[in-house]
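Going by the order they are written in, the chains are A, B, C and D; count residues from 1 in each one.
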């Protein structure tokens, strides 16, 4: 269904940046080698080296589930398990996909701040280690930014990586909203990835301005050789790869990826600030990226929906809603929703 | 590498039809439900019902390997095998992908005309049937048009389907170039699919005018329920699905798919006709679709390449080359190549 | 290492009943059809029909992990998950085996009495049902008797089965110690299996008197057809199957299986009764089968081990030990251990 | 069905050597650590080091399919294929088992003598190497002795191993009847395994005197670490492993394995010699091990079966039968069958 309502549902509801559409159109009208042996793919790969400040392996795919699954397939043996948060996309939202070419198992520690998560890792990674009866902990996967819109600092990532290294397991980062995390932290992409000890990153572009473009970024050279075979075998090597590469090139050019993420983050911050001033509204946490969780007074959610503002609720406890902004969210949309919320509570501005 | 040469290498070398690019641009600039719950997807699915003259299940994916693998995963149990030609893409060119969620095994009968292929099927499908020690023949997969550019007539498909039905196995059609086959046969899409007894079709659009759009078309309702889960699990459910659906909608609108295929077929026919008149050139078979195989005299292949015409060779025996035309191949390209060939042989037109 | 100590470690430490060894010897010295087409296998299968009071499918295998994995492989699709206790053998002790031909995932509800477990099932089985993004709950697996030596009553099994049926999922019972449960409940085998709604039972014999003999007992006919192929493919169809079948025949003859279990249970009850009277010893629960958990005073565990009594500890909290009896455990062993325990505490009998 | 006929059907029809039964009985009546941490397992492993003249990894399992599948799972990645003879057990008789934890694919070169097989390997191993679209040849598996009773000489094995090494693939030997091959060649076990370049051997005992005992023998240390996990995960780590280990210990003690094989081979040789002298009988090849193929005159097969001699036919062409001898086959059985055959042809001795 086309959504005529103003969507705060998901960044997946939005289309693509005009620059991305233009890049697709521009790379049409000529012939090129298929399966990634083209200039757009080569340039996108080179651009990743600049973004991360070092040579990296880069494999383009069309979905985040593919990026995560193929990455983890290279990191985890058949008898291995993956430690992740129970809200992690790979555990909760990918229909078993991390397992599609392996029988990995996601562990489900309870939601927790980074410090206790790290301690928990230490404990979980020791369970059954070397015991042939037990699935062997083989990788940790963290989501940056997290499903609830929070970010790991470079120090927190490094602390988790240290625990992993000591336990002899690999560290994967699901960066479906990586740009929002970098924009929020104001750090370099390297600071929360290879410099901190991440082995493979699923670098997302789709949610933040592309149509269907994601990349597997490999920092640990030992893992690189098998990835092209895993990608092909999974049906994720596109014949006309240049149309994905062109998206990625446009997305990375002139830091469009960061500009888009900064805008989305700023819209969420403005929304959070406005909501904080409305009686009865309770924010779950400070706005750090483009995802907010808030508890709205009883009739407010219904009232906002009636007035054409859409968002997810009914999943996280009574009155809790999720509000997601995007590169396409406008000031008018945010201010319109705040005005409507105030109006519903009877407060006139 | 960008190919400045005139490509007769593969239809994968070409971009997309302008209508397809326009459709992508047109569906941008608004929000929509993700994961296929959008209007474009609904309209593309409805359009397939018209194309095939009956209700069908339709699942959009980005690659032909995905369409084939997911289809076959729904048709074949873990202990099942798939009977296909040894040149079939699923056997020769998908890195084990048909097996990526099952342990199926492709059989490899020798290349043969349809009649003897059918007899061969009868024999192979009986091997080890019901014997717990043997992999159980569970599906036959035929490619329409075939890897060498030939087509199965509706009667031939029906004859193979009859053999399958009698043996209790399912029939899959890899239609990566389905449009070229329909255009060549001048039949309806239904005639070589469900009316003839095909259970699932991989309907290709990428090679014939789309960027990255394929569809799994399900005629056998019993197979439909598991496909959405298999697609998601394989990382092939796109979040911004409308951008694939919009491609497919444009591809099917006003029979663009058939117009593109007819053009490509006509270019191949013209090329074949021209080559047939050049001394020393031997065509492997009549041009029926957009793929030709020809044996060129010793210096001709090198000469053509020097003059900027590109194509595959060195795989099919001494002097044999493959020439593939596309919706984008122009009269000037074909005539230019023919002129160059004549020039090389010393014949002036 | 040969254990010269008196073992209360595991029923796996014990050998086989003399009747079972005799049956193996007796079926030697003649030729027979391989792969289960022999008279011993036929008789064992027929005997199962008597044990369960109805026709059942019966497939012999060598290990409990095989019985569980193959059963669950027939019950759960690739995108399915299995709900089980976090201490369940399939989750904790089989190195991912339930997943060896599928990508199933074991859920981990917290340990709980049956009533709350049932409620929990209701909740967990509803999570993500029909949502293509979510692994689909497809089977519940309960262990009878449980890893901590408790039993589900016929009513409790039936209540769980009802929840399963309403949710459209199948019910598997891991009966590695099924005999101990039947002996404890004093019911018929049917009462806690098909009459209560169990679809497939892993019927264990190895721990209770056989060498390496287990059976997959199928009550739900719809699941039967694929099991022989799954068994063969997993390498669990033995060529000289009669040597497993002969074990099973001897194990079921004259209710040896129940006699062995009753003896083991009685030894555990005697041990529990004795321990209950020793100051400082705390039993975790009443002795119902052949597994006891007890908390021993600080120096008692060490003292018992010094005197040649062996058992597992160090896994379940400070001072907690597991004591397992067997068909081979003698009165003298039990009384000897009790005397040693009393001696250590300074109590003379 | 019990076979009262004299069986020349398969060595699987026979029971176990008395020494093996005695060893099982002898290791009963005491407790031992489960899962292979027992003295019998340790001694069997040590005995293998003597048999092969060097340290080897040794993992006991219950079936040849398990030994083959688990070995190959450690040798072949998900996108890899296995080159084997089209009659190889792993391809023809294991229901897809080599693929049960990987998606490997068996290639099927036509039957051929070793020399041409080696040349064929060279060609097949080069197909698609490094090309991401192609399944990657990753292992060669040869059967020693072969399904038709022939043997590879040490030189032939070494020649195949050389081809493998040059192609960068591993070499597996299916030794379901390894003893018969060693007995036939009169060489050391090392000569046709590690000294010739074999990486892993499936060492069979079941067909030649054990009940259900096979071993995975690892010569290539790099492959050893993952095997215990693969074995456990496949349900092939037996809890009361000592009963398999005791079989293997008895089988290897005093070279019972070779004595049994020499006897079986001698019986086949005597049978071949006798048959060669009967008009109308044609032997396919010289008797080298315990398997013979012969073409019998029209009424002879039926006549022999009527007189109580059983064997397989109807699979290998008109009149062709397979005759298999065993450690249990007696002189009287062989001479009885020869006398019957002569009688049927009308020749009195």
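In this section, a contact is a pair of C-beta atoms (placed from the backbone, for glycine too) under 8 Å apart; a residue touches a chain by one contact, two chains touch by 3 or more.
Note that the coordinates shown come from a computational prediction; the quantities given were computed from them, not determined experimentally.
Peer 1: Quick check: more C-beta contact pairs at A-C or at A-B?
Peer 2: Most contacts of the two pairs: A-B.
Peer 1: Of all the other chains, whose mean CA position lies farthest from chain D?
Peer 2: A
Peer 1: With chain centres taken as the means of their Cα atoms, state the distance from chain A to chain C in Å.
Peer 2: Each chain's C-alpha centroid was found; their separation is 43 Å.
Peer 1: Cα centroid separation between chain A and chain D, in whole Å?
Peer 2: Centres of chain A and chain D (C-alpha means) sit 52 Å apart.
Peer 1: Whole-Å distance, chain A centre to chain B centre, using C-alpha means?
Peer 2: 34
Peer 1: Tell me, which residues of chain D touch at least two other chains?
Peer 2: Expected reply: 35, 78-79, 94-96, 100-101, 103, 132-133, 136, 229, 232-233, 237.
Peer 1: Can you list the residues on chain B that touch chain A in the complex?
Peer 2: Checking each residue of chain B against chain A gives 1-3, 7, 10, 12-16, 18, 21, 24-25, 27-35, 37-39, 61-70, 94-97, 100-101, 206-207, 211-212, 229, 232-240, 243-244, 328.
Peer 1: Can you list the residues on chain A that touch chain C in the complex?
Peer 2: Residues 78-81, 92-96, 99-100, 102-103, 105-106, 108, 132-136.
Peer 1: Considering the complex alone, what residue numbers of chain D touch chain A?
Peer 2: Listed in rising order, the residues are 35, 73, 77-79, 101, 103, 132-133, 136, 226, 228-233, 237.
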